[in-house]
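Please read the structure below before turning to the comments.
Each chain carries a letter (A, B, C and D) given by its place in the written order, and its residues are counted from 1.
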Amino acid sequence: MDLNYNEEELAFRKEVQDFLAEKLPKRIADKVKNLQRLTKEDMVEWHGLLNDRGWLASGWPKEHGGADFNAVQKNIFEEEACKAGAPRVVPFGVGMLAPVLMAFGSDAQCAHYLPRILDGTDWWCQGYSEPGAGSDLASLKTSAKREGDHYIVNGQKTWTTLGQHADWIFCLVRTSTEGKPQQGISFLLIDMATPGIEVRPIILLDGEHEVNEIFFDDVKVPVGNLVGEENKGWTYAKYLLTHERTGTAGIGFSTEGLEQLKRIAKLQKKSGRPLAQDPYFAARMAKIEIDLAALRTTNLRVLQDAMSGAASPVDASMMKVKGTVIRQAINDLARRALGPHALPFVSEALDAGYNEPPIGPDYANPIASDYFNNRKLSIFAGSNEIQKNIISKLSGL
Amino acid sequence: MDLNYNEEELAFRKEVQDFLAEKLPKRIADKVKNLQRLTKEDMVEWHGLLNDRGWLASGWPKEHGGADFNAVQKNIFEEEACKAGAPRVVPFGVGMLAPVLMAFGSDAQCAHYLPRILDGTDWWCQGYSEPGAGSDLASLKTSAKREGDHYIVNGQKTWTTLGQHADWIFCLVRTSTEGKPQQGISFLLIDMATPGIEVRPIILLDGEHEVNEIFFDDVKVPVGNLVGEENKGWTYAKYLLTHERTGTAGIGFSTEGLEQLKRIAKLQKKSGRPLAQDPYFAARMAKIEIDLAALRTTNLRVLQDAMSGAASPVDASMMKVKGTVIRQAINDLARRALGPHALPFVSEALDAGYNEPPIGPDYANPIASDYFNNRKLSIFAGSNEIQKNIISKLSGL
Amino acid sequence: MDFTHSDDRRMLADMAARFVREKYTIEKRHEFAASDEGFSREIWAEFAELGLIGAMFGEDVGGFGGSGFDLAVVFEELGKGLVVEPMLANLVAGKLIEYAGGPEQKLLLDKVIGGETLISFAHSEPDSHYDLAHVATRAEKTEKGYRLTGHKSAVLNGDSADLLIVSARISGNVDDEDGIALFLVNPRADGVSIRGCPTVDGGRVGDIALDGVEISDKVMLGDGTDCFAHIEKATAAGIVAISAEALGAMQVATEMTLEYLKTRKQFGVIIGRFQVLQHRYAEMLIEIEQVRSSLINAAGQLDGGRELREWNVSALKNLVGRVGHLVAEECIQMHGGIGMTWEYALPHFAKRLTMIDHQFGDEDYHIERVIALSAV
Amino acid sequence: MDFTHSDDRRMLADMAARFVREKYTIEKRHEFAASDEGFSREIWAEFAELGLIGAMFGEDVGGFGGSGFDLAVVFEELGKGLVVEPMLANLVAGKLIEYAGGPEQKLLLDKVIGGETLISFAHSEPDSHYDLAHVATRAEKTEKGYRLTGHKSAVLNGDSADLLIVSARISGNVDDEDGIALFLVNPRADGVSIRGCPTVDGGRVGDIALDGVEISDKVMLGDGTDCFAHIEKATAAGIVAISAEALGAMQVATEMTLEYLKTRKQFGVIIGRFQVLQHRYAEMLIEIEQVRSSLINAAGQLDGGRELREWNVSALKNLVGRVGHLVAEECIQMHGGIGMTWEYALPHFAKRLTMIDHQFGDEDYHIERVIALSAV
């Protein structure tokens, strides 16, 4: 038992820190730290800088141009990136599509698409959820009918994150209605420029445009865009879901969120003294700090298990639940900390270039909005209810 | 809208207070307040004193010797009785059997049994639950087979509260296995002195003997002891369950429990000052006091509805859940308040006549034990899970 | 003991309910909220005409009610419609005039009740958090009257008020209860600058700088003494009102959730069949009944003695904070993705429920207050 | 970074596990608990023989381990059997000797490790609550040594100890950290009177009156200075141990609950099919994983610097308090009536889990401590 990082790991951490200090543009880091809006250009720029260093595709094998980080390295990278205010790498191409292509796609598909993910040519989005199929993915209805060399796609996808920027979408589509719902699903790559595709924004409760509905009306997709075999898409999607689950705890975000919360609690006053000294508020913060300290260790334990191949899917579900509960609780406390200053909200101030003086303390404006936005954490990517179903099932119930 | 009691109600409260001050033996009240054990004789004595005043059967109509209190009067009586440290009236004869007899029994049954309940001749207990049938009462298996003028009863009842003192038991028994499980159940009165009955104590987690198992081995019961019609017992039991649910909030107990808790929190020290001044402990107490103040009003609202015939079963379930949650939370805080003094537990000190000096503060000994005992509140009389099922169902889910 | 409302008050409640139901769709509400002033002047005029504003005030100042229960029944209905008109601002400021104003000043309420004059109470300051006694704004005696200097923040509808009631300190230290006076200030006076701003839940607040504002003696509300007690009592009225608003919003949020649970399918099953959601729904209902009872307790004590009033009001606000938070988070969660979208009404109720905890003191502030008041 | 135990420690854990599994049935446990001393001398001798006592102490004092992780693995297994033997009492008192004793005094540990001498730390007093610095017991200088006067309460297995370590004040005020000395006291000495008493969860405590107990200079532990720091550190060891015990008990309680949920039927359905119980079960599992991680954090810091050690130890004890409470109440509730009966093992685990919050500081005490330590 040894709770310290070894020298190799410490050296890697130093390397990451140095890279971030040197390459991460301050302009972008400031936006992230101030919870401002990132433009597509900001994200593309950061992807490019990471790719220059060979770290954009942190989990890919080296032969495809990846960094081949192990689980502990990924975690160190996440911690440091969050601390420095680096934007999150948009995961759809790098983290979601690519593993599926490598596992189930043809060599030609890999050779074509993977480099374009790395160099930013293609921005990918994910076409899984449908209006009637949220957590119950297998009930999806978007159909792809084979006609000659093409599939004709009709239907609707929803909750498509950052789909407004996308060049391509990978979709689960129904190619057969025979057998169990899971059996007739295929995994299809679709060029967003194809006629018949319409992207409509969904505005979330905080007023932000982050997700979209995507409508397909007789969209012609070449059969060459099918990944793997027809009607096997469910298997690939499940593979991806497992892949996606590591790192869902968001420890890095919570750690940074807690630091920010502590700063706010020192600056906000209650009865003339810092809110951080109020016994009730201090207790709320301390409880979360205790929980986060424990979860950080749970996360490292799971990572070690993952590296030795012993990770259980129940771990991933537990990390998802507790990780999002903690992250949301930090958002909740940040909002509470502001007192009446949580009320004013100037949406324009989330854009770079807004030059009016802030109303209230300069950190206040995005806090309540961010709290509301992050209610999604316990809903998306497998709701916490679904995760608890999984945990109890895998534990023997 | 008027939150004050009217003059009539105030006069009634005064009457109850005077009665309690004059008649409730201090010896018994001290036991109740110090959470000591009551003997059967204590309970019988108190029943007798109440009956002398005509108040033992608070809900019975006057023609049967009852007090015919309305809902508000019952509530006032409960409040004052708890405050004075009166033992709870043992409900099995007065509150549970009697309403069923009056509604469904024969005149002869009423004429025979009701006076014997009032004068203490018969101590009744309840034979509903069975080992395999707790919250799922309808699955009961104890059988009563008709043979001539008798039923032959075989089976087992459990969780029979104070059955060790009982002269009679009213039982739900299976007289038919046809149709739905609810349809073959009958309501039978059984003399505990009948051969073939064995009472075995169940010791609860706190070491107390309060409930029992009762075994029936070819027990001969005269057919005249059937209440109402054969196979209609389920209807009568449901009638009783509704009857039993009013007053399940235990506001009186919680009110007294909270007063005791406050006294303890003033006497216990933390860092040299009263625990009541510790912000965390004070907040725990205040939250419960707030909840109880609200529930007290909810209870009065429900009572008013009950008097005007507008009470909904959903109200009873809500009162049961919130009432027991609050009462258990008060027990929990009393235990917490003691700090290390919660550990020592001398069972003998719960009996009157124990003369050793206490270990720790004189109020400490029964507190932890009482907390554990009262975990039953959320389990018995329809578990809180069952109540929530009912609430959601009646609310439209 | 009687928990039924008088016929008059039932009619008042019905009228407010009908107005909200028939005239105040969520689409209109968003439209009003997005307008420059953040509400509709026409709707406000209708409120005046219907007597809803007058129902907030006693008959001695030209109103038609003004008791805690009048506030409660009206605001419960406003809460069901997420009404953005400045009722709360006018209630609290108007109560200050009712409690503290001289005979002539009380006449101002005629125009408030008539909907012609909008008023607001400029009290909270950047470092106040929720402390009512925290007043750093200074009122210095001058020859002609006073000079006000200070900064008021998050003033409810402060950007559209025709008249502000400003608290300022004539003596004492920044957190003293003594030494606070109230002044009627024209928002267009020299030295007053106001920045309006939307709130995250659809309302409006004003950030008000007072830079040596010269005012006359006459605009001091009442005789200048004991103002903290008036502020406390007007705030109590505000808490009863906003808690009733919360109760209304909670009911709509849970009703929408019930409808959703009864219709939405997942894995081929109506999700309302999932026991976890059933129990969580039941737990909300229980807590909402608690809020209703607590509201009755506080509304009934609003015109009573200070200690009972303040204990019950703080108990209410603490409970509303806890339950509002529960209902807001649970209703969104039980809806899933759809509960996150602007287009759907539910999240707007959730947002309002959440932000109510940021007005007149949050859950922690009021638990501390309950403790202090219990120790008396 | 490595979260696997060394082979030696795994063997130690396996040995403790096997002993508990094979020799320590719940029936025997109740029998031991109900005996006069509240535990079995034979079992204690076996613990000594197996080296379990020695595993609590460092090699320099004749032990075979003594690190936080040694404590953790042994106590986790003891917790699974609800073991009532006085391991905790001997650990904490022994650690005081290890940390504070002079060379000759350290030799005492040989007999402790051998199981021949039972020791206990008499520290807590009637008004201590959980405050480690609260010592009202006085040690007055006499010609031959000291005279002890005071009252110690809830001393773990204080009624069967062969030797007590008594804290007493040689200077300062009742709550001062400075001025506390430790003395080795013979429980049969003149002026010492001890009343033993069972605890509600199956243990034993002693209530100890010190009525002018005359002791020599030599029995002062170490040189008499800095004793608070030793007390704090020995308590930290006690917290790691008792938290590991809690972790063991939590696992058994949830496993029993799982078995019950998988077999018990209601309404014709295995109750484990009820989603509400599934989710509540899952929530317990998540929290138990958190406790395990927190235990690793604290055990790893036990021999480190004060601030990191105490932060992690208090964080652990707070979490154990919260999760122990949850698991105790939920496991009983999910069992229903059967979970309330003495005959069944589950409630005894629940009782122990509950009462662990009453030893070495409860959830509230430690949250306050975490706050204080975070502010440093």
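Here is the rule we use: a contact is a pair of C-beta atoms (placed from the backbone, for glycine too) under 8 Å apart; a residue touches a chain by one contact, two chains touch by 3 or more.
This structure is a prediction, so every number in the text was calculated from the model and none was measured.
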Pair exhibiting more inter-chain C-beta contacts, A-B or B-D: B-D
Relative to chain A, chain with the most remote C-alpha centre: B
Chain centre separation (chain A, chain B; CA means) in Å: 54
Centre-to-centre distance between chain D and chain B (centres being mean Cα positions), rounded to whole Å: 38
Rounded Å distance, chain A centre to chain D centre (Cα mean): 43
Junction residues of chain A, two or more chains touched: 279-280, 283, 385, 388
Of all residues in chain D, the ones touching two or more other chains: 274-279, 367-368
Chain A contact footprint on chain D (complex, rising order): 1-6, 9, 69, 258, 261-262, 272-273, 275, 277-279, 281-283, 285-286, 289-294, 296-297, 299-300, 312, 315, 318-319, 367-368, 370-371, 374-375
Residues on chain D engaged by chain C in the complex (per definition of touch): 274-276, 278-279
Contacting residues of chain B [partner chain A, same complex]: 279-280, 283
Residues of chain C that touch chain A when the two form their complex: 124, 126-131, 134, 153-154, 174-175, 195, 197-201, 203, 205, 207, 265-268, 274, 276-277, 325, 329, 332-333, 336-337, 339-343, 347-348, 350-351, 354-355, 357-359, 362, 364-365, 367-368
For the chain B and chain C complex, residues of the former touching the latter: 1-6, 9, 72, 276-277, 279, 282-283, 286-287, 289-291, 293-298, 300-301, 304, 314, 318, 321-322, 385, 387-389, 391-393, 395-397
